[in-house]
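I am attaching a structure below and will ask some questions about it afterwards.
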Amino acid sequence: MNSVILRVGTRYLAGLLLVFSFYMMLRGHNEPGGGFIGGLTGATGFVLYAIACGTHDARAALRVLPQTIAIWGLGIALTAGLFAALFGDDLFTGQWLFIGATEDDKGLPLSSVLVFDIGVYLVVFGSILTIVFAMEEEI
Amino acid sequence: MSWVLALPLVIPFLTAVLAFLTRQSPLGRWISVVGSAVLLAASIVLMNVVLRDGVIAGQMGGWSAPFGITLVADLLSAVMVVITAIVALAVSIYAIADVDEGMERLGYHALFNMLIAGVVGAFITGDLFNLYVWFEVMLIASFGLLVLGGRPEQIDGGVKYVALNLVSTIMFLTGIGLLYGMTGTLNMADLASAVDNADQRILTLVAVLFMIAFGVKAAVFPLFFWLPASYHTPAFAVSAVFAGLLTKVGVYALLRIFTLIFDHDTAFTHTILLWVAGLTMVVGVLGAAAQSDMRKILSFHIVSQIGYMIMGLALLTPLAIVGAVFYLVHHIVVKANLFLIAGVAQRIAGGTKLSRIGGLYKSAPLLAVLFVVPAFSLAGFPPLSGFWAKFLLVKAALDVQGWIIAGIALVVGLLTIYSMTKIWAQAFWEPHPDGIEPKLSNLSSRNRAAMLVPISGLAALTVIIGVMPEPFVRFAEASAAQLLDPTPYIEAVLGVQP
Amino acid sequence: MEVLFAITIGVLVAASVYLMLSNHLLRFIFGLVLISNAANLTIFVAGRLTDGAPPLIPEGADAPLGDVANALPQALVLTAIVIGFGLFAFAIVLVFRAWTTLNSLTPDDMRLAEPEEAQK
Amino acid sequence: MAGGFPKEVRGNGLTGIVPVLFAAGLFAYFVSLVPNISSNEVLRWNSAWVPSLGIDLAFLVDGLSLTFALLISGIGTLVLLYSNTYLAGHPQYARFALFLTAFMVSMLGLVLADDLILLFVFWELTTITSYMLIGFSHEGEKSRRNALQALFVTGAGGLAFLAGLILLATFAGTTSISGILTMGDELRAHALYLPILILLLAGTLTKSAQVPFHFWLPNAMAAPTPVSAFLHSATMVKAGIYVMARVHPAMSGTDVWLWTLTILGALTAVFSSLLALRQTDLKQALAYTTLMALGTLTLFLGQESGYAMTAFATFLVVHSLYKASLFLVVGCIDTATGTRETDQLGGLGRLMPITAVAAALAALSMAGFPPFLGFIGKELKYAGAIAVASEPVLVAGAALLSNALMLAVAGVVAFRPFWRGSVPSTQSPQEAPWQMWLGPILLAGLGALFGIYPDLLQVALIAPTVISLTGEVGEVKELKLWAGINVPLMLSIATFVLGLLIYAGHVRLRAFLGRAFAVLPDLDLGWDRFLDGLKAFAKWQTRIVQNGKLSSYLFATFLTIAAGLLLTLVYTGLPTIAVDLSDVEWKHASIALLTIAGAVLALFTNSRIAGIAALGVVGIGIALIFIVFSAPDVAITQLLVETLIVVLVAVVMLRLPSLPKAEFRLSHALLSVAVGASVSLILIAVVSSPLDMRLTDYFEATSWPEAFGRNIVNVILVDFRALDTFGEIAVVVIAALSAYALLRTTRKGGSS
Amino acid sequence: MDGFLNLSLEIGFICVVLSVVLAFVRMVKGPSLQDRVVALDFMTVAIVAFCGLAAVRYGTSAFLDVALVLALVGFLATVALARFAERNTFRTRKEADDE
Amino acid sequence: MNAFGLNIILAIAWVAFTGSVSLTGLITGFVIGYGALWLIQPLIGTSTYFRRVTAWIKLIVMFHYELIVSSLEVAMDVLTPKHRARPAIIEVPLDVKSDTGILLVTNLISLTPGTLSIDVSEDRKTLVVHAMFADDPEALRKSLKAGMERWVIDAVEGR
Amino acid sequence: MSDLIAGSLIILGGLFAVIGALGLVRMPDVLIRMHASTKIGTLSTGLILAGCAVVFATPEIIIRVIAIVLFILLTAPIGAHMMGRSVLSTGVPLWKNEDIEPETVEKALRDEHGAPKPDDAT
């Protein structure tokens, strides 16, 4: 799309969407958001990129094949579920580590649940881009 | 305990991920084979645990039922998982010969293993919405596999397949919503008792909705159109696994929920099922009689045979359920195998259209033997597996004075013989129209092994079930007992209620 | 309240069924999107409706304060929406391929897999 | 087989010899059992097979089964020996021998089985193996057709038979045959008696090719001659007879039994012997005489008297001996001369003396001349007929007529080719090799031997068989060549006279019969019609049901949904509905209306863009519903997905043509409304009663304390129901991979 | 929350919904592709406003998250459709030229 | 241009001093830090930084003023029965160079009712604008250049 | 007091929304309609969100509101630009009073010269 305005706008928007999507993902456990919403938002950024600058540039910016991202996401989500096995728990049992937890504060939570959500993010992100890029290229 | 349940689900997913990452190299196909073998091992472990301990349940995420998602395996689930693994292994070996590199690079092995994962998930989940999710995994993977290769007739078949299956999916989802709205729960064991408090009239309506949704999946009359429209179009490895497994998931789901949840008005629901069964058998078999392509004949026979299984469910006597379970297992092995054989026929004789091929009996006697076993088993000849399946169902029908349905079952059996011998006469006996000799040695030795090993294995299984039916019948009996009295199932999921 | 939306769902379903029956793949796709929405809404409505109280737990509390909306159907609907999107994406690509390979969007004209028998 | 005998008879090596030795071994084994049986022992062998269904691998050797076993294995040995030469060097001889041996074993299993289901297993195995044997010359269209015909007809009977067996087992509570045979009185009085009888007869009559199921048998002659000899005269067709005999003790003695068997037997006997006379093909003629024999045997089984039973047992043996012999002789003639047409044959007696002797012996036995066993058989027939039948005149008349006809046929088949006229000039037939004449001469010779020394047979087999049938030693009648001047003898003489007259006039008679039978329905043609009709019906049905049109499929599917729900509604009655619109705010109503308006626009527009925009409106409306009813996560997802849908459609539409104008279809509209209305109605009914909130309460209580999340929806997604979410992302990945694959194959134009 | 705020919220809702209805009218009328897309775009922005109103009305900021996402991605549909319109014309012409 | 970075550091330092990690604290710290930097301006030579911040503030204020004023103008046209618009498509030569500048100019022109940026030429030298009230295209062109574009150039490109 | 401000902002925003929509319906051609909808719509949303910020008056909400408004300010004109472009390139018939210099239009359409196209040619 040879629109200067769109291209320039995309430069800002794509980055913004990507950052915003991480934010949406990370806060998802406590506020509206989460892996899906994050992944969808992040993908939107690159969809915009593809529309504005073409899939060639968008793929170059992404560096990795989107379907590879998606399948890695699936693998990560699965690993997050399998992680519980190390502790003798059932599949997909959340494992939590609270860094600097005190009596009344839970500190900074790290959890397999978050890893799972990251997996979800990657899957949604990668999958949508797989479809959109391929469509753009075939049509 | 829960990992015994979780592993059969996890393994194909892991396999799919690994196979996809290695899709550009031949490693992918070996990962698929090894993954299927490991799945088989895991499913046998599962089966052993179930045989030893009875129904087992695992609470995923560690959340107790009915709050989290429960995986459950009773005998039926366990055997379905085992048989799925067997078919998966057979087909992934066969795929070495049948699936070309182009398809592999597009992710055939990943899609295939995801399909298997979906099938396994559907068999072992104890949660209705989770069942929906696995149905979708299976469905979307089947979409991909069906059109992989992109030949025009695949696309055509795909359109019909996709359109009709989507309708079913939506019905299923709607049904879940409604059932949740009535009972407030999704856990199937929990639903079994929760539905007692609901308005039974609405429950019957919802039951019919589920019957239709699963009816499409199971390909019963008058909802089966997608099957004959599409099953003859994809790669043989694909249509074999479809033929073997996909419709059976629908049958399994019907068996499960119409024994566990919707057993409040069997006089109504199961009478409908009986009609459906009879019509499915007849319409399917006549459809087959009208075809002249090997895979189309086989496709219509899937429909027809589904009728038998539904008949077992509809009669709802212990023996009938035994028959349904036995039929289910038998049919998966036999039908998958017939499609695999059709693939070999296509390779060496140049097609599946009966008028365009021939001479296989003379030139490829081994293939002829391998065909006769599943074909005559399907037709119900003793002492092959299909005979016992049919015998059990006909006996069950006669035991309850179901003269008409028994008669239908027998006549349809006869017409099945007709179709199978049509294939036999035209593809095997009749000389090849082009005068060529379709020899197995025309295949490369690698392809020959990859194709004939799984076919022989499945044929052997057919013969084993036929000649030594006792363990299988006993198993089906135990399994039917669990279905008809779901108390152990419910207790395994929810814990023993005071 | 629920009744109102139950009726809405009925209209959506009716419209989508009509579209799906139209013998045109693009209309079918439209119908598909509509009926997916209707199904999602069915789950949502069946889980009962609550005004203006999202199922969130405020800081400092252990549980939601007061009555909040039923969270479970929301989670189910979210899942269903995403699944529906996956199905839709495939379906639209299939429609596109149907057009490019079969040169038709009228499924009744697609007779490759099930060719018309020669009328004797 | 034209072209004479092989110059150098080498057989087929080991594949030829091993089956012969195997069969001979079996025969020897059964011979070794004769002493036990003739001393009225019953041998049993039992082993569990499917105990959970009460099915055993149970075998029983008594007079009846041993008689059959001896005939099967004995004739089998000779036929295998014969075949090894007859088909010497045939590339598929191994298969042939395998099928023939397998058939023989199945047949033995059938007659020895003491379990109903086991019996059926062998029954069907004989069907399959005979199918393979009839279709042995599989490259010929006729062979394949005839093989299918035989399979289909006997298979049909077989399935009825199975139903009968199942009912029998259900009645008895056991599948043990000997067990069931002790329950005759209960069975005959039981309500299931008639269905069982009908179903069993359906099986036995088709298998035995009795009128009106006889049409497949002559066609089965497409098989190589040894197969015809073995299957279609000596053994398989007698499987039906065997079963009738087997159940005789438990089921005979009712009027139904008597009249059904008598009438059908008599009909078959007379009708088929007339048909036999009509034939000019030797094998066909023999085939019809086989039918005549089967009819006769059935006729006897209708009775209960000792005479009838003795006659049955004797004639069974007689017939097997001479018929197998004659078939093999025909094979020799065929091979030697290249034809089986009676009119073209003659003068072979000089050139093939041994074959001629065998033929003569067999024919005399067949014609019932003393001192052959055939004579004794015939005498017993008359005796049996007169002694007990309620309508002796009818039975005896039928027997007389058919016997006379058989005599004539024997002359046509076994006398004329050898002793009449001279050899056609083009042929130079020579004597068959020993492997081929041994069988005929041995079998025919036995007919003579037993005729002269009937006691041999009487003690060894006939008596035990009759005991098997009647259960009483006293019922056994003596086999005698000379029983004094009595009615049977008179009838015998009448038979000779009549038979010779027929033989003399058989050419003219044949022409007459040809005209007469033209009036009768041609069942063979009927078979073709039936098959064509079946195919046409199947095609017609399939054209309607599976018409290749997605719109019909969808219509049917939605019709099923609508009809299913509405009919259920009629059945259940209207569920309780509480319509409470009091809490509806104008906002809700307007959102609902907006959504509906979007749907309606999507429905009616002929513009693609308007359609997409309308979908957008619906999406927005639904998002608004999610917002108003407190589902922010869902609303966000809905809006994002809606946006992506629009993007995807916009991309794809670049290549798609515009929408055609939609035509209004009332049927579609009605159906749509029906589906929509039923969904609405059910949903309204569902929300009319309160919802059990256990699950949600639990999630609300544990979301923060145990799962450390404040957004309950998200906690459900990633923790409580993480497995769902995992499956869901799997769906997304697969959808992407599938769509990708589908798009990428475009360029290559498809692989595989 | 006093009466005036409630009243103004109610008015706000009425206005926003009314504007959506009016936009729908334009969408139905068309006549050009762009008219319809502009109407859709307007609706999207109206939803953002609606979310703001809902946030105030129900006293929860969660709805602002909806607005946030929509504000960022809502225009994507417009862009895609606009591009479709341009390219479609271009293609139609090109195909006509080719023939 | 490290002044902005310095300002951020000061803001973070403020937060550290007060010990309250919050947005309010951060903003307060930023404002106070800005003041401090302004005071020591000669010391570190950050004049452009302050000028541009001022320009930004001016841009924001003027943009909102324009937005409201011309919205009212359009609203009038919408509400009055007669259309008094004199629409036209005009070209405006562009002086702004940077990407950000172009985006801002076009966006701001679009957002102020009455004008709508339709396209920027590929050489980035011309802006195509649709104007609702273009009775005098030349005057409009001038006002756009002197107004919106000027403010943007000042804020973004620091000239 | 804050409620008064907030209420006023919300009412004002609402009124602008209606005006914008009215413009969408009433104005004579698509480009002029875009003026009405895109911008007045943005303004109205901004006003309503401002009211929202006043009501909550917490930094988090204010930041969020500012972010929303900024996002709209960033994206809405881009969308409008794309639409405007396509209007010219697809040759949507415009109002008779429209004053379009032909050469300007030519310039606006560098690659895609479209024949007049009233709709998507249904």
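Per-chain numbering from 1; labels A, B, C, D, E, F and G assigned in written order.
Simple rule for what comes next: a contact is a pair of C-beta atoms (placed from the backbone, for glycine too) under 8 Å apart; a residue touches a chain by one contact, two chains touch by 3 or more.
Just so you know, these numbers come straight off a predicted model, no measurement behind them.
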| item | value |
| --- | --- |
| Neighbouring chains common to chain B and chain C, by label | A, D |
| Contact-richer chain pair (by C-beta pairs counted) among B-D and A-F | B-D |
| Identity of the chain that, by mean CA position, is farthest from chain E | D |
| Chain whose mean Cα position lies farthest from chain A | D |
| Centre-to-centre distance between chain E and chain D (centres being mean Cα positions), rounded to whole Å | 69 |
| Centre distance in Å when chain A and chain C are each reduced to the mean of their C-alpha atoms | 24 |
| Gap in Å, rounded to a whole number, between the CA centres of chain E and chain C | 21 |
| Gap in Å, rounded to a whole number, between the CA centres of chain G and chain A | 31 |
| In chain B, residues with contacts to at least two other chains | 13, 20, 60-61, 107, 110, 129, 133, 136, 140, 143-144, 147, 150, 152, 154, 159-160, 163, 167, 174, 178, 181-182, 228-229 |
| Multi-partner residues of chain E (at least 2 other chains) | 13, 20-21, 30, 33, 37, 39, 54, 58, 62-63, 65-66, 68-69, 72-74, 76, 79-80, 83, 87-88 |
| Shared interface positions of chain D, touching two or more other chains | 539, 543, 546, 548, 550, 554, 558, 607-609, 614, 628, 630, 632-633, 636-637, 640-641, 643-644, 647-648, 651-655, 659, 679, 683, 686-687, 691, 693, 695-696, 699, 710-711, 717, 719-725, 728-740, 742-744, 746 |
| Sites on chain A touched by chain C in the complex | 30-32, 36, 124, 127-128, 131, 135, 138-139 |
| Residue ranges of chain D touching chain C (in the complex, touch as defined) | 539, 543, 546-551, 554-555, 558, 579-581, 583-584, 588-589, 592, 595-596, 599-600, 602-603, 608, 611, 614-615, 618-619, 622, 625-626, 628-634, 637-638, 641, 644-645, 648-649, 652-653, 655-657, 659-660, 662, 665, 668-669, 671-673, 675-677, 679-681, 683-684, 686-687, 691, 693, 695-696, 699-701, 703-705, 710-713, 716-717, 720-721, 724-725, 728-729, 731-732, 734-736, 738-739, 742-743, 746 |
| Residue ranges of chain A in contact with chain F within the complex | 2-5, 8-9, 11-12 |
| Chain F residues touching chain A - in the complex, by the definition given at the top | 99-100, 102-103, 106-107, 117, 119-122, 124 |
| Chain A partner contacts - residues on chain B that touch it in the complex | 2-3, 6, 10, 13-14, 16-17, 20-21, 58-62, 107, 110 |
